Structures are given as structure tokens and as C-alpha cells.
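Multiple structures are listed underneath, in C-alpha cells.
What follows is subunit A paired twice: with subunit B in the first complex and subunit C in the second.
On to the complex of A and B.
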């Protein structure tokens, strides 16, 4: 790291709840310190320069997914971005697509909840639950795959990087499709491919994906978006063309139908 | 689309029986979401998605064949004339043009589905491309622009060539030598880059190739086709110059 860098942050400021607030960029200057991350820089700005600056963080270690923002136009997690990787002057903007809470803080939670409901992000099964019985075993590879697809921290970087999402606000988004892939990989979920097609076989689902693969490039957790989106596209295309031909799963009513029985 | 309570299942639902005979998936969705009993499952998006890729690959194959036929001029004008005469005598040219038009028109309509139509979407796309500076996103913006340009350029090219049959090396050479060089140079670059980017996207979208493999393959391919196209244009220019 070059010594004695003076960093200049152009930070987006706006409070949508204040009618007098106008969106603008405000400049803050800080001396760079060793191993400084954007998170430490923002905290120092808030403590030393402007206590009204809004931004989100919880875990500071890239697990909670709260601190995603556009750093020089690209979505990143503030807590795992070192200022040493960045030029002296940088622009910090809130993630696009999501509802702005204020300054750098956006509401990703409401959107992710809605997406979770849309893909019915839980296991659909007719198996009666016996709390005394041992869990059914699954192979190690199977468990690893499910874990791999389940590592999403819902930071919203993939959605912010996705041009299809910027053009279509009802698009399920890379993370929504990844949720579906996770349940397709799960042998306990008995939904048929045709049932899955009902959810993601639309132009707001997997066929809304254009294949920019910015999700794959900007996911801070390195989830395998390219491979999974291609897998879903192939599977859903085949299901769409021959719905009854490639269903390896047993037919089962979804949760929303079961509960009224 | 939020999950909804299916309501009472005791009441018979109109046409549900017909749907349930289609397949198990439609059966549960008719129960879960009663409105699906009234509409057939929308399978069109799957078909359209595949048709877009297939029409693009078909046009790419056509262009490779086209370049391959034009390659004959490098072997001499008589070779090209014989080949063109053969294609016309056995109606292969006419069949080729019909094939091209069908694929071309369907490709235009199928890709228009993906293209942002409203100004707000276009603005969002341009801002996004400029902010993100991401290669694969940028190339898609280029696909839209080059696609629209090709719509005009291909129409002109087809009109000029097909209203002046039979195809002969001397006529093509004269065209390139006189006016059309500055038409064909950008045409070649536009068509080839549109093709390469399109084939690349088909490959990564459907998972036929990993991106690490697709990048170098497509680069080599593009260089090859561009140099072949340039060689053909230079030869035709010389043929035209000799007249």
C-alpha cells in the first residue's frame, strides 16, 4: 500500500422520507490506514465527519449480506473490500433495483422474502413428519451440492449486477433462480419438474435471463450461477417442450394446496 | 405470484379434469392455483427461448456456408462462376434464400422479445452498461445495435444481389470495386461480431461451453473469419479493378 494516501469518497446522500432532501453526491476525505476496508472507512466517516450518514452492516465478515453497495459502479460488499484495491477517489452508491432506505442503505429483505415466497422456498413433501424417527440419510455429494447452492447471503449483488433485472422489476433474479435450483437438487422436495416450470418457466423466470452472467462475476460468495442458470434453462426448456416426459419426481401437492386439506 | 390458498376443493372445478389428464404437474397446479384450470399451461416461453438460439445458430451456419462459397473466388473467377451457376441451376440458391429469410425474420422477432422496448428500460440498460463496465453485458448492448444495423444492411445486400442474378465474379468484383467496398467492410465486421457474440452467448447460456473455453475459441474463430472475409473482399476488389 502506498503510504499516506488521502482517500476521497463521493457518497450518495438522500433521505426519501424527507420531502426537502435532494439526491446528491457528498465528498468526504480520510487518511488511509493499514488494512482499511470500506466498512472501517464508512464507520470513521460516520463517527468523525457526519453522524447522519446511513449505511448497513451487521457481521463485518461477509456473512450477513447487509453492506452491499455500488463501489465505482460495481456491486461489492463494503466489509470485504479493502481500500488498497481502489483508487484514491471513489464513488459509493446504494444498490440499484431495491427500495432506498436512505444514503447507502437499501431494503433487500422485502424483495428476498417475496422471491422466497414466489419460488415456494421450502421442501414440499407428503411424507408425514415423525419427530422421533431418524432423519433419512443422503449421500455426502448430495448434501454438499445442496449446501453449495444454499450459501447465498442475500446481499443483492447479483441482482444489482443483472441488466435483465434493471429492465424488468418482476424478474425473479439470479438469486431467486438459485433458490429454485437449490430445491431441485434436494431429493426431499417432491415437486415435479412441471410444477417447477409453473414457477420459473416464464419470462419473469429463467427465460427472462439473457445470459450476461454478471451475477456469476459479481457474487461475493462465488455461487455457481453460470452452471446453475444453464442447468435450469435446459431442464425447463425440456419440461416446457415435453412436460410429462422427464419427471423423475413423484407428483405431490404443494404446501399451499396441502394446508387447506 | 404469491402462493395462495386453494380454497375449497369440494366444489367441482370446470375443465379441471381435462387438465389433470395432461400430466401430474398440471394436476397439482390446477389444485394449488385454481386459475390454471382455466388456461393451458404456458409452455410458449420454453419454445421461444429455444427457437431464438436455434434461429441464431442457423443464421451463423448460413454465414459460414456463404463465406465458404465465396472462398471459391480465391481459386479463380471461373471456379466461383461455375459454383454459382451450379447452385442456381439446381435451385439451391433459391432454397438457400428462402431458408435465410425464414430464419432471419424469425430471429428478428424472437430477439425483439429480449430487447428493451420502452424508453425507461433502454435508459436503465445504457446506464447499467456504463456503470458496470462488464464485458458480457456490454457485448449484449452491442448485439442490439449491430442487430438493428444488420436489419438494414442485410436487406440492402439481398436486394442488390438478388435483383442482379445470375451471381458472377465479375459483377461482384465490379460492385466491390466501384461503390460497395465501404458497404461491405463494415458489413463483414458487423455480421461477424454479431455472429461470434451470439454463438458465445448461446454456448454459455445453455451450458454447452464454459466461459473460460468459449472466450479463446471465439477469439480465434473471429480472427479466422475476419481474415477470410478480408481476403475475399481484396480478391473481389482486384477482380473489379481488372475489368
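On to the complex of A and C.
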């Protein structure tokens, strides 16, 4: 880190609940301290310079997905962004696409819950739970594959970067498709290919994807979009052609084709 | 605006959601409130694992609820309720298997042999292949911590929240419960501030469940998420009739990074890492010639604080810290066995753990105390009020929680208490005295409105100044080391702060979803919690588990085999303390077997914890 930098933050300000508020950029400056992240910096700005500044941090360790914002135009997790990586003057904007709560805070939660409902993000099974029984077995490879696809933290970076989502607000988004892939990979979920096709075999689903893989570039968790989107597209195209083919067990990229992180 | 529901669950972490699922699946209307979208709750951050005696690994052969029970009671330093511990250990396997049924990708047993980091070779059997695996955690006799790769909390939270969505349970996020509605006998719901707009509204329910997690952030430096400010405990205490149990029981972790207090695994020390001071001198052997860095969590934390106090800390803009040195373990070891640590160093500190020192200091980690409930989760003092999870003092953990027992507690307690509420609703569901309740709602709302008006009218004090002073007092005087002088000063300092908090004003407009208003509304309750911790610690003249008094270094079963109960009467400066006996049904007090001294002098330890819990 260069010594004694004075950082200048151009921060988007707007309080939608205040009739007098107009969207604008406001400058704040801080002396840089060692190992400073945008979490430490924004917390200091709020406590020392402007206690009305809105932003969302919860875990401050890249686990909870709360703090995504545009840092010099790129969607990323603020808590995992060190100021030493950035020039002295930087611009912080709220994540686009999502409804603004105020300043740097956006409502990703409601959007992701809606997507969860649309892809019916739960195990569909007719078998009841038996509290007396031993757990059903699963190979560890299978468990690890599901885990890999389940690692999305719903931060919204991929959605903010996705061309298809900007054009079509009802697009399920890269993370929505990934959520579907996670359930396709899970043998406990008894949904058929045809049922899955109902959900994602449309222009709001895999056929809306334009395929430039911005999602792959911006996902802070490195989810395997390239492999999964291609598989979903091929699988759904086949299901669309031959809807009676109901075996979905081979629908997911083999574990070896997954990107590891 | 008033919203009516059968059951109001305040908090959408694992405990709140598990309770909600239980009640909702029995046909009642449940509404969940949360500061943040449920999946962002602190539970998501637990990475290590969840204790349940499944006995599927070679290293867990012979494990059973009985062994788990014994580990839990010893860990608690005989401070826990043994009937609760018994219920817990028998239900934990059911709870973990149910989450598997719901979709958690638990790591599974793979048959064959493999080598552990210390060189030992173990062999897993074909017979157990594909069952839920477990890893080793400190303080347990057997390998018992079930885990989902490196994200157990994440996998559990996402799975439970999927079930919540499936059941159509309503979740209102970005709201904060700021007061309970009650008449001194019965709880009727809560007054809630909408964090999107700053508006107040009320929720009226037959049963109200507080599931708001830990209070770590009152210490300023904590491994907890930044939203863990103890507000749920505070609003329960504000009723004046609900006691908090054992608030002085607070767990610390020796290695949080500076700044940010992100926890780095104890595997660093377990695998041979050193702690260094400002002169890069390895100081642990000076204090603990035998165990050195491998002494228990609490001992290491205490020695670190002691060394910093002697002036050997490294000065930084974030306060003094020490160094963790793992360079000599080598690139290969660090990048394989300690990969998560290397990642934290790179991503959040911008340093290379293979070549550089890691800045660390002891930090608050877990709150054993909380809203005192009976074995059914019913809060003492108010009918219709329940508590679950870290915010509750059920009391499974006594004076020291075992790593991996709190995730398990959230699920088991959520399940048990959810079921109990569904039964209680039969008698709770008596028709409300409508007029009376309306008056209570108006009264509670008016009180909160009055507090907001008072803030807007403006006083000289600034919320973040007072907050920092509170944290400073706690860390310095109510931390890992405690003694009469420090604790007395802490209590006096906090009482003064509490008075100053009535003079809070605002520096910003306070309009809409203003975070300064939110912080200022929380602060007085947080100071009362801090005072309750300090005062309970001052009065408890013994050392037990994580509560360690320099001036009373021994566990004193003759006088202190009892639990502190603290209530706070409106307008008082201090809580009033009373005590209740600890329920001992099976295992009489004895040596914890952690190899640190005589029977009555046994000290808090979770020996050689390998994975952070």
C-alpha cells in the first residue's frame, strides 16, 4: 500500500422516503489505514462523517451476500474489496436492477425470494420423513456436487451484470437458473424433466440467456456458470423436442466438468 | 397499522425458522420478522459443523447420546440444565437427519483409508459409506460434528428457508422489533420499526417467539455479524418482568483478525502456529511452558490480553494486536490444510500468510446467557412469550458452549419449542380482551414514538461515541480476565453511560429509514445488557467455564452451583439479581477432565479445538 493516501469516495446518495431528497453523488474523504476494506471505510464514514449513510453489511466476510454494490462500475462485494486495490478516488453506486432502499442499499432479498418461489426452490418428494429411520445414503461425490451448486449467496452481482436481466425484468437470472440446476442435481428431488421445463424452458428461463457469461465473470463465489448454463440449455432443448423423456438424472454436468473454487 | 397472526417469530436465523416451520406445518399462521433477508442472518456464517451423535465414522465408534450428554455437561462446567441437555442429545440426530431429508448436502462417509494432518491413518468402513460424516471438534470425546463441506451454516439456512418458502410462511424483512406489547402477565406481540421507511407498526399474536441471536456486537470486537446487537434480549429485559439468565457467561475466541474480527481457525495453532508480540518474540512459552500455543482457547485468550496489557501489543489504528505466525509451516501445508486461513488473509487483509504475519487479537464469540426459558422454551415472567436459539438461555451451554452445539441447539430447540407452542395455542387462544389489548398497543406504540421524538428534539450526546465507550469498557474490564476492581469500575462506567444515553440527539435529519435513529433507539437497551453482564460477573465470586475471576480462581460448587437471573425494573440504574439452582439429574459435579488442575479448580477449556466453532 502506498503510504498516507487520502481516499476520496464519490458515493450515490438518495433517500426515497424524504420528499426533499434528490439523487446525487456526495464526496467523503478518509485517510487510508492499513488493510482497509470498503467495510471498514464505509463504517467509519457513517460513524465519523455522516450517520445517515445507508448501506448493508452483515457478515463482513463474503458469506451473507448483503453488500454488493458497483465499485468503479463493477458489481462486487464491498466487504471483500480492499481499498489498496483501488485508485485514490473511487465511485460507489448501488447495484442496478434491484429496487433502491436508500443510498447504497438495495432490496435484493425480495427479488431472490420471488425467484425461489418461481423455481420452487425446495425438494419435491412424496416420501414422508421418518424420525426413527437412518438417513438415506448418498455418495459423497453427489453431495459435493450439490454443495457446489448450492453455494450462491444471493448477492445479485451476476444479475446486475446480466444483459438478459436488464432487457427482461421477469428473466429468472443466472442465479435462478443455477438454483434450478442445484435441484436437478439432487436425487432427493423427484421433479421430472417436463416439470423443470415448465419452469425454465422459456424466454424467461434458459432460452432468454444471451450467453456472454458476464455472470461467470462477476460471481464472487465462482459458481460454474459456463458448464451449467450450456447443460441446462441442451437438456431443456432436448426435453422440448421429446417431452416424454422424463429421466432427468443425467441432466447435470458431471462433477469433473465443474469449475472448482 | 396492526397485523394479526397466530405466532409471531422475531428472528429468521436457524432457530426462528426451525420454530416457524414446526408451528406452520401444524396449520397455524406464522409471521417471521427479520432485520435482514433470512438468508443473510448470522447463522449463515457458521462454517464448522453441528454436533449430533450419529456414530458413522471410525473415530466416532461407540458414540451415543450418552457420550454427547457427558461432553455437554462437562463443557458447561456443570452450569447447564441436565434435563435440557438430555432432551437435546436425544433429539439432535433426528434434527440433523430431517435437514438431510429437506435437502442439506451433508458431507458423506467415503470408505477407505486416509491420512490425518498429524500423520495418523484412519480407515472408514464400507458398511457406513454414504451416511452422514463427522469431523473432530474440541472438547468432545468422539468425532461428532456433522458438516456440509466448508459451509454448514449456509447449507442449513438455505435449506430451512426453502422449507419456509414452500410452506408459504410470511416473512417481513428489514424490520426491527423495538418493544414487546404486554401487561406484565401476558405478551401480545411487538412494536416494530420498518427499516425501509422508518414507520412504526404493531404485530399482535397469541404467541411471540424471540429468536434474535447473540449480542456479540456490544463488545465492539466480535466474530458475530454486525447486526448481532442483542436487541431481542434487550426488549425482553425492558418488560421489567422477564429475567435474563447467566449473562456473565460470554465466550471469547483467541484469533480474530485485525481489523474486522473475522475468525481464523484454531487449526493454525493446532498445526504448530506461533503467537508473536511487537518484538516478534514468541511469548506463549513464557506463560505456558508446557502447552505453549496449544493451551485451551480461554487460556490462550487470557495470556494474549495479559501480554498486550504489559505493553507488548503491536500498535495499529485499530488498537493493539499480536501476530499469528504460520510461515514456518510451509507453503504446501498452508495452501492445503489451512486454505481457508490463507484465503481470509489474502481477501480481507491483502497479505500472504506464507510470507507474512497475521494480525490477531482475542474477540467476543458466543453468548451462553440470554432470555431465561423453561425446557419448553417458555420465557420466565410472561405467558405467551418464548425464546429460541442463541438469544435464549434454555440452558444447554451453562458457562461454556461446546463448538458445534449451538447449530444443533437452534434446530433441536426450534423443533421442540415450535411443537410446544402449537400445543400451548390451545389454551393461549382464549379470546383476547380486545379493548385492553388495543389500549396496550396504543400505549406501547406511544412510548416508542415518544423515544423517537425525544431523539429528534436533540440532546448533546452522539450515539457512536457512547457506543464505542460501552464497547471499550466491556473489552477492557469485562473480557477474558475479570476481577473486582475492574468489574466495579465497569459497572460504574456503564451506569453513567446509561444516564448519558438519555441525552442522545441526532446529527442527521432522522427522516425515513435513517440508520442513526435505529442505532440510537437500540443503544440504551444495549447498555443495559452490558451492565447486566458486568454486574452479574462482579457478583459471581468464583471462576466457572468462560467466567474467569483472577481474584476467585476456583469453581465454587458450594456457593455457586446456581444460575444468575437478572430483571430490570423500569427506571432503575441496575438490574436486580436473583439466583436459581442448576438442575442436576444425572451427572454430579466433578472434574472436567481437561487436565487443568484439581476437581474444584477445573478451569474452562475446549482443548485443542481444530475447527472453529
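Keep this in mind: the second predicted complex is superposed on the first by the 246 of 261 C-alpha atoms of A that agree within 3 Å, B and C clash if a C-alpha of one lies under 4 Å from a C-alpha of the other, contacts with A are read in each partner's own complex, and residues count from 1 in each chain.
Here is the rule we use: a contact is a pair of C-beta atoms (placed from the backbone, for glycine too) under 8 Å apart; a residue touches a chain by one contact, two chains touch by 3 or more.
The model shown is predicted, which means the values in this text are computed figures rather than measured ones.
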Clash or fit (per the criteria above) of subunit B with subunit C on subunit A: fit
Just checking: does A:18 make contact with subunit B only, subunit C only, both, or neither of them? Give me first, second, both or neither. second
Touched partner set for A:198, first subunit B, second subunit C, both or neither: first
Mind working out whether A:226 is in touch with subunit B, subunit C, both or neither, as first, second, both or neither? first
Comparison of subunit B and subunit C by subunit A residues contacted: C
Looking at A:117 after the superposition, I want to know if it touches subunit B, subunit C, both of them or none. Which is it: first, second, both, neither? both
Going by the contact rule set out at the top, does A:82 touch subunit B (first), subunit C (second), both, or neither? second
One more residue to check, A:8. First (subunit B), second (subunit C), both or neither? neither
Quick one: minimum Cα-Cα distance, subunit B versus subunit C, in the superposed arrangement, integer Å. 9
Identify the residues of subunit A that lie in both the subunit B contact region and the subunit C contact region. 117, 120
Quick one: which bits of subunit A touch subunit C in the complex? Just the residue numbers, please. 1, 15-18, 33-37, 39-40, 46-48, 50-54, 56-66, 79-80, 82, 84-85, 101-102, 107-110, 112-113, 116-117, 120-123, 129, 131, 133-140, 142-144, 146-147, 150-151, 153-154, 186, 188-189
Subunit B contacts subunit A in the complex at 1-9, 22-29, 31-33, 36, 41-43, 45-50, 113-114, 116, 121, 124-125, 127-134, 136-137, 140, 201, 204-207, 210-211
Interface residues, subunit C side, partner subunit A - complex: 36-42, 44-45, 54, 94, 96-98, 100-103, 105-110, 129-133, 148-149, 151, 154-155, 158, 161-163, 165-166, 171, 173-174, 196-198, 225-227, 258-260, 262, 316-318, 344, 347-351, 359, 463-464, 506-509, 511-516, 519
Contacting residues of subunit A [partner subunit B, same complex]: 70, 73-74, 96, 114, 117-118, 120, 161, 163, 166-168, 192-195, 197-199, 201-203, 207, 209-214, 217-218, 226-227, 229-231, 233-234, 236-237, 239-241, 243-244, 247, 251-257, 259-261
